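In the two assemblies presented below, chain A is common to both, partnered first by chain B and then by chain C.
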Partner chain A sequence: MSLRSPLGRVLGLGAAKQGVHHWWAQRLTSVALLPLSVWFVVSLLALPALDHATVVAWLRQGSTALLLILFLLVAAWHSQLGVRVVVEDYVHGNGVRTLTLVLLTFVHVLAAAAGVFAVLRVAFGVTA
Partner chain B sequence: MAEFRLPANSRPVKGITHPAPPGVREARTVRIYRFSPDSGENPRIDTFTLDTKSCGPMVLDALIQIKAVTDSTLTFRRSCREGICGSCAMNINGINRLACTTHMHDLKGDVRIYPLPHMPVVKDLVPDLTTFYAQYASVKPWLQATTPPPPDSERLQSKEEEERIDRPAACILCACCSTACPSYWWNSDRFLGPAALLAAYRWIIDSRDEATGERLDALEDPFRLYRCHTIMNCTDVCPKDLNPARAIAEIKKMLVERQG
Partner chain C sequence: MSRYTLATSIFNRFTGLGLSLGLLLLVYWLTAVASGAQAQARATHLLSLPVAKLVYAALIIGYCYHFVAGIRHLVWDTGRGLERAQSQRSAWLVVLVSIVLMLVLGWCAFAGAQAP
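So, the complex of A and B:
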């Protein structure tokens, strides 16, 4: 039981003085994802065939690799921003929340790095 | 984690069914949430039969009739009976609204009356709004200015400046909006909720106020402000037809605007 005043409890530790960047980045990444995801779907559909050789040849074009890396990075960033909001909404308790956020950030960075690595590997001709 | 089910001792059970009063001309079934902190029992849903012919047209009239005729222990807040005090906000047929401005004949089927959702219940239809009021107080809902008022007059506003605060200032603090907001349900300890944010906005855009920057500083927080995900239940339920969702969006825009 706490005898702290209701106003004291509401004021808590004060305002974090941040949150604008997160909010703005979420909008910015979603705007960037619009053309990037349309490009991704349209260019895949525009391929003459979807066999391994055709897709590898497509990936080896400089513009494809560049746009695909951008798409992967922006998607991972956007997802990280969004998942963070979900965790903050539903995971209560400072310890559990911080741990979940740290783990999910690692997962997103790993996913982005793995994606970029995979694109570069194909683009620069190391065939599996 | 967020609570998706009520705690075991808060789940309502079937309550008392009161017999219809003799000589009913037009019967209407009203189910009301009952809870007494002294009984140690779970909340229950009592069923009343009302004669709408001998009762006023509003849900508040029905509650007053039930309290006067059938069960004097029924507890609810009410004062002005004309939608300006905000006391009789409750959840009627699934929607937060004022009992005094809700017509019985606008409701379909049985009338189901619960207290405002996800708030501690003091008794029956009376929620504990202590935190809600503290959140309102936390946005400092009063004029702050360093410039003294003119010695011979009040602080003047143009007509356009007044029109900007006219609607937001009409909030009656009934708590319908905040208690309809899922973000407020899950995080009311840190999210200020639509009502307090609408009040903050009303002072942020007041042309006479000089604490705009400090007010925005105090809101720039992932929880206080940014728990709002534009769900817009607040605007949907507001019995005064105000738009807290828009006010919050405007605050977010101003915070971006001052970045550069």
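So, the complex of A and C:
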């Protein structure tokens, strides 16, 4: 005889869960990435060179740092949402799937944090 | 009959996954830039290997396709363009427009200025 109530056993087993939030966030980040990614590609291609001095000068412009941080955060969020759907669709077995999702979430948070940290280091002149 | 919906959808996922890897590459590069001129020079050496050009070409293809196909999805979300004939037409439009974008971006990255 289990101590779990019949209600406790079925709660959270439905298909909906966080579906609406996921759907909305995916669209929100898509729309934001349209201008942000165009800005990133155009300004990167517009740089005369990619040596240290040029890139540092570019990152020290206030608008670059701000937009690049936004781009990194939104892109990482969008990527996390998209990769999650692919894993949910193609990785079978609850244990493996959950582990994969946990690891990929960690990778995304780490990438976002490392990217933002790097931009801030340059923008605030901590780097050589 | 509906093989084009399968192809456009799979390719959107596939390019999305590739761009996720591109994001990691960007973070690696930014971290190298923040670590100083020497660290950036080491990263630049790695990012200038011949195989890196293939990676940039793949990222350009992936970005252009994912960008245009993503707009198609956003239009669908408004409830428009979901008839079979319309979605067939928009599938071709996505392929056409993204190829034009790929050529323009590819030219800017490889022929115009220098590649990263």
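Everything that follows uses one rule, which is that the second predicted complex is superposed on the first by the 109 of 128 C-alpha atoms of A that agree within 3 Å, B and C clash if a C-alpha of one lies under 4 Å from a C-alpha of the other, contacts with A are read in each partner's own complex, and residues count from 1 in each chain.
Criterion: a residue touches a chain if its C-beta (ideal position, glycine included) is under 8 Å from a C-beta of that chain, and two chains touch if they have at least 3 such contacts.
In this text the structure is predicted, and so the values were computed from the model without any measurement.
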Once chain A of both complexes is superposed, is A:Ile69 in touch with chain B (first), chain C (second), both, or neither? neither
Scan A:Pro6 for contacts with chain B and chain C and give back first, second, both or neither. first
What is the contact status of A:Val87 with respect to chain B (first) and chain C (second): first, second, both, or neither? neither
Once the shared chain is lined up, is A:Val20 touching chain B (first), chain C (second), both, or neither of them? first
By residue count, which of the two partners contacts chain A more extensively, chain B or chain C? C
Once the shared chain is lined up, is A:Ala32 touching chain B (first), chain C (second), both, or neither of them? neither
Chain B and chain C footprints on chain A meet at residues none
Enumerate the contact residues on chain B facing chain A in the complex. 1-2, 130-131, 133-135, 137-138, 183, 186-187, 189-190, 192, 217-227, 229, 252, 255-256, 259
Can you tell me which positions in chain C touch chain A when the two form their complex? 13, 16-17, 19-20, 23-24, 26-27, 30-31, 33-37, 40-41, 44, 63, 67, 70-71, 73-74, 77, 105, 108-109, 112-114, 116
In the complex, chain A residues that touch chain B: 5-7, 9-12, 15-20, 22-24, 85, 88-92
Chain C touches which residues of chain A in the complex? 27, 30-31, 33-34, 37, 41, 44-53, 55-56, 59, 72, 75-76, 79, 82-83, 86, 107, 111, 114-115, 117-119, 121-122, 126-128
